[in-house]
Amino acid sequence: EQITVFAAASLRNALEEVGNTWAENTGHRLRYSFAGSSALARQVEAGAPADLIILANEAWMDHLDGQRLLQQDSRVDLLGNALALIGPAGAAPLDLGPGIIERLGDGRMAMALINAVPAGIYGKAALETLGLWQEIALQVAQTDNVRAALALVALGEAPLGIVYHSDVLAEPRVQQLARFPSDSHPAILYPAALTVDSRSEAAADLLEHLQSPIAKEVFLRHGFTIPSE
Amino acid sequence: MSISINLHHQFPELTLDVDFDAPAGVTALFGASGSGKTTVVNAVAGLLQPDRGRISVAGTALLDTSAGLRLPPHKRRIGYVFQEGRLFPHLSVQQNLRYGRWFAGLRGPSQAEDHLVEMLGLGALLNRRPGDLSGGEKQRVAIGRALLSEPRLLLMDEPLAALDGPRKAEILPYLERLRDETQVPILYVSHAISEIARLATTVAVMERGQLRKAGPTGDILADPSLAHAIGLRDTGALLTGRVVAHHMDGLSELAAGGGKLFLPKVPNALGEQLRVRISAKDVMLSRDRPVGISALNILDCEVSEIRPGRGPGAFVRLKAGADHILARVTKRSVNALGLAPGLSCYAVIKSVSVARADVGADVGTEASSDHA
Amino acid sequence: MQFLSPEEWTAVALSLRVAFWATLLALPLAIAVAWWLARREFWGKQLLNGLVHLPLILPPVVTGYLLLLTFGRRAPAGAWLEETFGLIFAFRWTGAALAAGIMGFPLMVRAIRLAIEAVDPKLEEAASTLGASRAWVFVTVTLPLILPGVIAGTLLGFAKAMGEFGATITFVSNIPGETQTLPSAIYAFLQVPGGEASALRLVVISVVIAMTALLLSETLARRAAKRVSGR
Amino acid sequence: MQFLSPEEWTAVALSLRVAFWATLLALPLAIAVAWWLARREFWGKQLLNGLVHLPLILPPVVTGYLLLLTFGRRAPAGAWLEETFGLIFAFRWTGAALAAGIMGFPLMVRAIRLAIEAVDPKLEEAASTLGASRAWVFVTVTLPLILPGVIAGTLLGFAKAMGEFGATITFVSNIPGETQTLPSAIYAFLQVPGGEASALRLVVISVVIAMTALLLSETLARRAAKRVSGR
Amino acid sequence: MSISINLHHQFPELTLDVDFDAPAGVTALFGASGSGKTTVVNAVAGLLQPDRGRISVAGTALLDTSAGLRLPPHKRRIGYVFQEGRLFPHLSVQQNLRYGRWFAGLRGPSQAEDHLVEMLGLGALLNRRPGDLSGGEKQRVAIGRALLSEPRLLLMDEPLAALDGPRKAEILPYLERLRDETQVPILYVSHAISEIARLATTVAVMERGQLRKAGPTGDILADPSLAHAIGLRDTGALLTGRVVAHHMDGLSELAAGGGKLFLPKVPNALGEQLRVRISAKDVMLSRDRPVGISALNILDCEVSEIRPGRGPGAFVRLKAGADHILARVTKRSVNALGLAPGLSCYAVIKSVSVARADVGADVGTEASSDHA
């Protein structure tokens, strides 16, 4: 049986690892489409042939839910993530306080779009919680996705950036300076669900498997967290 | 009538107003630069949409604005030799030549093509492209292209202007034959009276967009009142003669103007009718029959009219047999010889002053009305 | 070959297929539209002109979104096409070709239109006096003369089609073997940690293909231009 | 006006500024490059030609990334420009203009090159016999004759500059008032559910601006073409 | 020597090989279509890079391949009237006219300009664009454009071919004056012998890329061995005469050929030298002095040579005073009159057969070597 999974682009490495093993073991064929969450959600709305969708954005999943495009009760919060404050490799660790402003100097804080892309939304909320947003707001350089923010720091264009914890691991040119406390921002969740159009038993099986301990181990290795029920 | 043209068109700085009918054969458009000749030809081709007008060829209307008829150019079956060549740069000479044939439904090589290629001296150029041709070569290809499409009307806008004398002399007989053998009417624009005299059945003289006068070639060229429009040097009479002998010394003898006319050998058979243009300036007058003189042609004439010009010259119209001859002499000679209407005298014409180009097969206006 | 994974090869092949069909099918339409814009006056000319340029002006994501709204399976045009011709664009490589074709269309039209405007109408007139109808004039005179422009336009269209990403991924998503073109694959690699090297490899492939097409088109265009110059 | 928020107006103004400067500064270079490609044979011609087309072929994100690698403040060219001329692109609207200019460059060059190739060298020869040096021939004969092509190229460049998003946001990110152009703003709206209406408003603005430019360019081009036709 | 041209160039199908020097004044290039005239002119202009060659004008080398000198066209200061116009379509007629002046460092309107505009009949066209002009109008603008740049060498490639007779007649005197008053040498391509006879100091006859012969106009035109290249009708002698009287009846009297020559009024002052072309075909021979005849010009001659042609005609070379006259008569007349070298006879020439175009201010080869 062929299953089509629409998933947020940032999940690619981890999801392929888990999914491919599962496919080998079960004999099903897996087809992925990795893109931005908003694009995927709109495509599902437009009748995309997806069986399982995993977004990096709760709002879009809520939107699909509201349109009754998800199988009832299939939605789960599959993964979580943490926010990291990063700087170039070799930079000294930093406290999440006014030190940030000092370190920033007249440089830029690289973040994803603060009103549109989840990582940016969470980052802004965290800074607000920490009471730093007002001072930093004017120095934020927003990118269309988290990876671009990471690149700005990696290339030394921005002294600081806010990205997901999972993004930091494979980039040797950056280093995590601090981790934002999970209560400083709304929970970062990657919801998953089966689409109403999907008649696939295997898809439900896969969704099940993604929550298995073996899968969790892989996700953790890639820097994601597992949301506590 | 074979071609009938009635046109009215308003340019910002010129009003075109033309109305004439012409029998089959060659109709020459003559006029100063900018007088509207090309404009008329374009209207006939369908490339210019005149404000008002009616154009018909051999009874078929090509344009009739009052009836709302405007045949598109490609349905007019015309062959147009443009003033500026307009060869297709992306096609070889041969492909250019064959372009129109294809649309006329004529496929494959033809005898006509071989013949034309030879006559126009294009044999060595067939695989070249227009960009590599000299000015005259281009024009020759353009002529061939128009002829090969076997049109029902040929438009030629100064087709020979870019050619040298010998080449002109080679092409003219072909156009003549075209005129006489096929019944394709030709609208011919030229500044060269020798071409017009030789080819044209009808001449239309244009002046600043208006038709000055139209009529049979003989009448127009011999009309002293048009001498200024046509050029003093080019005014002259057309004589019609019959070949009576070809002499051993390379001269042909014609019966014309009530006497004998010796010309450098003409290709026509005995008994054939020819037309010969005698430029007024080449005619000398004598009261007595001259003797011991190199001019072979001495015609017995009667002065019918003397028309002094503004300058030192005068036109003398003479009756020679059934024909008319025009002579241009100085007023001084008119006085010295005491010329006056009614007087008889001799017209002296040198054989060699009648150019090859001035001798052509006759196409009478009577004959041509058969085609109408 | 080891250089690329099978999946990456698939993306290369798909990109070529998409760009090829997008260009091939858009070309006649582009020529027709360019001719109309260059040689005709008609009501709504500026509207058509604007419409043609739209994909250039809009951010590609918007174009993709509009395509989704028009040719999605639930959308009126999409549904109608599926019912009537069995033609499905949504989430098929055909949709990627449609997106690529539309994105390249303004570039093709512009190049061809410029070429048409440079053709001397006197040559077309000459052809018409020789009996060629308007269509034949076009085929035998105009088209050969604009060939360098057509080639340039085709190349621009092809290059754009090879590079198009925003509209494609928004419209038909990023399904390997079906809609994952080279740029989509590059994008996907850039979204995950450590994907840069893989992305770079694909970029190199892209560039090589496009440069080959470019060289080819230059050679063809030069040959055509030489013909047109009449030498 | 109520239709747009002040921040959106800022984005409109910035987009116009970016597109204007991008087009204006790219134009002379595009003309020069087009002329070289059209009229000269030189070593590395195909290399230059390929380089010019690169932004068309690469996914915009890649172009943006390459710009960052070249003109970022830490990058060699960027550092040199900053030191020597005090010219900074990173995170500045100037960088947005650079990105927009580069993305539109191939389109400009192509249009202008086609126009140059259509100019009859015989006219240029005639000018040279009348005493005009090569440069003067260009200014007094070639340039006026290619004006329709230059206008077409300028419009394409401008339209592309107005619509460019991928390379811009990657290179200079999105800073309201500094680098947030219309397409960035549109993109941002499209990322959130229900943002379509807001995006649509901005799209309408984009389209209106581009259509105005289009109409203007058509009028200018027509006038220039009329001159060139010799009437 | 004022112009010196030495060229070798290989086309795929034609080898160009030309080597001649010409004194100041007008050097005519004459030859059949495709013989390489335009190619030579292009090489002089710098538009064609010949394989080998040396070209210099009034001592200044424009090209010397052996010395590696190839002056670019814009530094040659030439005025080139092209065979096909090449007007700038985006400029008005006036702007076209002034184009070259600007680069020659001549600013603002000039008397020369006003004068030229009037002479070329361009007054009403100044604000028009080339696209709206007729073929002849375009060519007139092209002539004006080249003249106004005040070049040090004028190249004219069939500049008058597209013009009608009256317009030609108007422009020729201007070119003459240009030749005589300014010392601008002119390289002039034409098919029209009347233009060449009138303008040219030197004639170079080309045949299939090769120089057939070059020399002073009088010698070339009266050379019976070139008669076929030049055209039988156009061969003729150049006479030099001095104006001795302007008569009341519109005739001017010249002392020429050892006698009197009456011509339609010439604009020259008494005592001035003129050159008059007498076409061989217009000369009639008589053993006895004819009387009672309209021809006013009867010159006493001595036959110096008889050259029978292949056809019915023969050239008779006559000594008339210090000059030579060429007559073309039929062999039959030669026999009838018993002409033989040494015999004396009378040459009869009609005043009106000497066209305005055939009378021009004299430019002797002696005078011209001053400029060299």
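Each chain gets a letter, A, B, C, D and E, in the order it is written, and its residues are counted from 1.
Quick note on the criterion: a contact is a pair of C-beta atoms (placed from the backbone, for glycine too) under 8 Å apart; a residue touches a chain by one contact, two chains touch by 3 or more.
Since the model is a prediction, treat every value here as computed from it, not as a measurement.
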Item to check | Chain-contact steps, minimal, separating subunit C from subunit A | outcome: 1
Checklist entry - Hey, what chains does subunit B share as contacts with subunit D? => result C, E
Next on the checklist: As a test of understanding: of all chains, whose mean C-alpha position lies farthest from that of subunit B?
Outcome noted: A
Checklist entry - Using CA atom averages as chain centres, what separation in Å is found between subunit D and subunit E? => result 57
Next on the checklist: Could you work out how far the Cα centre of subunit A sits from that of subunit B, in whole Å?
Outcome noted: 90
Next on the checklist: Counting only residues that touch at least two other chains, what does the list for subunit B look like?
Outcome noted: 84
Item to check | Sequence positions of subunit D contacting 2 or more other chains | outcome: 61, 65, 166, 187, 190
Item to check | For subunit A, residues contacting two or more additional chains | outcome: 36
Next on the checklist: Judged by the touch rule stated earlier, which pairs of chains are there in contact?
Outcome noted: A-C, A-D, B-C, B-E, C-D, D-E
Checklist entry - Residues of subunit E touching subunit D in their complex? => result 45-47, 72-74, 76-80, 82, 84, 86-91, 99-100, 103-104, 129-132, 145-146, 149, 155
Checklist entry - Contact residues on subunit B for subunit E in the complex? => result 13, 31-34, 38, 83-84, 124, 128, 133-137, 140, 157-158, 161-167, 191, 231-234, 247, 249-251, 262, 264-265, 281-282, 284-288, 290-296, 311-313, 327-334, 336-337, 348, 350-353, 355
Item to check | Contact set on subunit D toward subunit E in their complex | outcome: 122-123, 125-134, 136-137, 140-141, 144-145, 227-231
Checklist entry - In their shared complex, at which residues does subunit D touch subunit C? => result 46, 49-50, 53-54, 56-62, 65, 106-107, 110-111, 113-115, 117-118, 148-149, 152, 156, 159-160, 162-166, 183, 186-187, 190, 196, 199, 203, 206-207, 210-211, 214-215, 218, 225
Checklist outcome for this item: Seen from subunit A, its contact residues with subunit C in the complex are 4, 6, 9-10, 12-13, 31-36, 39-40, 42-43, 46-49, 145, 147, 166-171, 223
